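Here you go, one structure.
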Amino acid sequence: MLADYAAETAAGTTWQPKREDFREHVQEVFAASAATRLIGASLGRIAPGHVEVLLPCHERITQQHGFVHGGVLGMIADAAAALSALTVAAPGTIGVTVEYKINLLEAAFGELIIARGRLIRPGQAVSIAAADLYSVSASGREQMVATSLFTLASRTRRRRRA
Amino acid sequence: MLADYAAETAAGTTWQPKREDFREHVQEVFAASAATRLIGASLGRIAPGHVEVLLPCHERITQQHGFVHGGVLGMIADAAAALSALTVAAPGTIGVTVEYKINLLEAAFGELIIARGRLIRPGQAVSIAAADLYSVSASGREQMVATSLFTLASRTRRRRRA
Amino acid sequence: MLADYAAETAAGTTWQPKREDFREHVQEVFAASAATRLIGASLGRIAPGHVEVLLPCHERITQQHGFVHGGVLGMIADAAAALSALTVAAPGTIGVTVEYKINLLEAAFGELIIARGRLIRPGQAVSIAAADLYSVSASGREQMVATSLFTLASRTRRRRRA
Amino acid sequence: MLADYAAETAAGTTWQPKREDFREHVQEVFAASAATRLIGASLGRIAPGHVEVLLPCHERITQQHGFVHGGVLGMIADAAAALSALTVAAPGTIGVTVEYKINLLEAAFGELIIARGRLIRPGQAVSIAAADLYSVSASGREQMVATSLFTLASRTRRRRRA
């Protein structure tokens, strides 16, 4: 019985998108973010309440010890968590990250980092999401390197004046 | 009396560096981090228990709404907090970020973002630090845009094999 | 200059209450909380954006090593932070804690624990507050034992049906 | 594939206790905590890396709106997370909570609150654990009311002098 709750919290809940083109919408929003492009991140799988962000490891995103910078891990965690909430958001609303907390479990390096975002609780005003991060070695072995928790707020659309 | 505690927690505590060249050491560690260079960050003031990281605002570090990406704010917060602990670290030890939490208070843009790291509690195994982030407009007006809290661990030096 | 920001973030900002009886309102809300009564907490100073919660140390609130339980510290931090936001809230709204993060810096014991809540950023929908906790010895010496950060949401009044 | 990671992070990992009497040890440590007794909490299931803490809902642990106090939720989350790490700790070491972050998802009330702690990453110096909290209604329906993330440090045994 102890194991059962994993299903509900992480994978078992079935989220219902509020727009048919939620995948395209996630791709559009991700593509519009210059910062995630700067670090070389791309999108992986997109499903209701779940979004993967992929980050190939390269020298430009490392910290002083040669591992992927903890702040860079926070960036892809943020993207994955916020986009997982966006998959079920009502059209016309945007998600704003209110706060996040990330635990860095292991020095991160390898071929690729995968951030797996998952929606925990959608809400009209405030949504909660999480992202777990894994490093993937050349041989395909995954190791969890970070876990994070996000509070997101729904806002009506706003854009900074140029 | 309510106001008094600000002095102790933030500014009043006098930290004692354990090496004379702590400023040079902070500069070296910062310079060795490729990721902070990628986003264009530089060092500001360095004092015992306090380090500023400066980030000029530019298009490449924005998210989809044209503001500085929350993950980028996390990156400079991480740098400022970790380096503020490094100012008083014993020679031969390195600081590793165990976890952090950041609250994003305002959409961040302007000329410059300043992350002001401050050591809260140094420890042999675990240190606690904070970083407050401010946007600075062209006219020099500062606005607090984020606040964050970090848990750092001290480790003996380790470097990833090439 | 590094020290200057302490003033703004912690003590220098002048918050403006939206009701004259904000002190009485804070006292009423605090008195209505059975859980804080159970652990023996009481109110200290109340000022706009600042509320102190006092907790005499006694055996019933300790954990297995004889120190004040970390969860109890979280309780008084929550009370102090939420009430500090309440001092400037509009009449008719209530504050709900969305999330908090607390760093436990030292084993907490002594005569008294003081939680000093301070409002960081009020907002219509979401407010950010902090609480720093100090143990006070019989001789009056204060030691910081915890620091915490809170996200609060404003809601219209709601009460659980009996 | 998106669903697969739930197994690894939450339930699939098999933790290996380092002492045969880990259940008795968890019970002893829990029984020695006066604060959790004060709020009426008890232990549920104990398995390697997993501990449940049960809290019957009653008036004395409510906040001003009649729901279970958020700080009380933090207390049982702390107990469940720390004890889940204790199930696999080496004899002679104790776990100290360094910090935690908790998201309160729903107003909590009902017959019972269950905090399900799970170990995420054990470590010699620092361990990471989580706790998810559920309210259980009289009819047995569970609803997730909070989720939390903990950083724990291993220390050699210490007891406060009387």
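Structure notes:
Chains here go by letter, A, B, C and D, matching the order in which they are written, and residues are numbered from 1 within each.
One rule holds for everything that comes next: a residue touches a chain if its C-beta (ideal position, glycine included) is under 8 Å from a C-beta of that chain, and two chains touch if they have at least 3 such contacts.
Predicted, not measured: the structure shown is a model, and the values here were computed from it.
Steps from chain B to chain C, minimised over paths through touching chains, total 1.
C-beta contact counts were set side by side for A-D and B-D; A-D has more. Comparing the CA-atom centres of all chains against that of chain D, the greatest distance is found for B. Centres computed as Cα averages put chain A at a distance of 26 Å from chain D. Rounded to a whole number, the gap between the C-alpha centres of chain B and chain D is 32 angstrom. Shown for chain A are the residues that touch two or more other chains, namely 98-99, 101, 103, 149, 151. Of all residues in chain D, those touching chain B in their complex are 98-99, 101, 125-126, 149, 151, 153.
On the chain D side of its complex with chain A, the touching residues are 1-11, 45, 47, 50, 52, 101, 103, 105-106, 116, 120-121, 128, 130, 132, 134, 142, 144, 147, 149, 151. Contact residues of chain A toward chain B in the complex are 29-30, 32-39, 59-72, 74-79, 94, 96-104, 107, 109, 158-160, 162.
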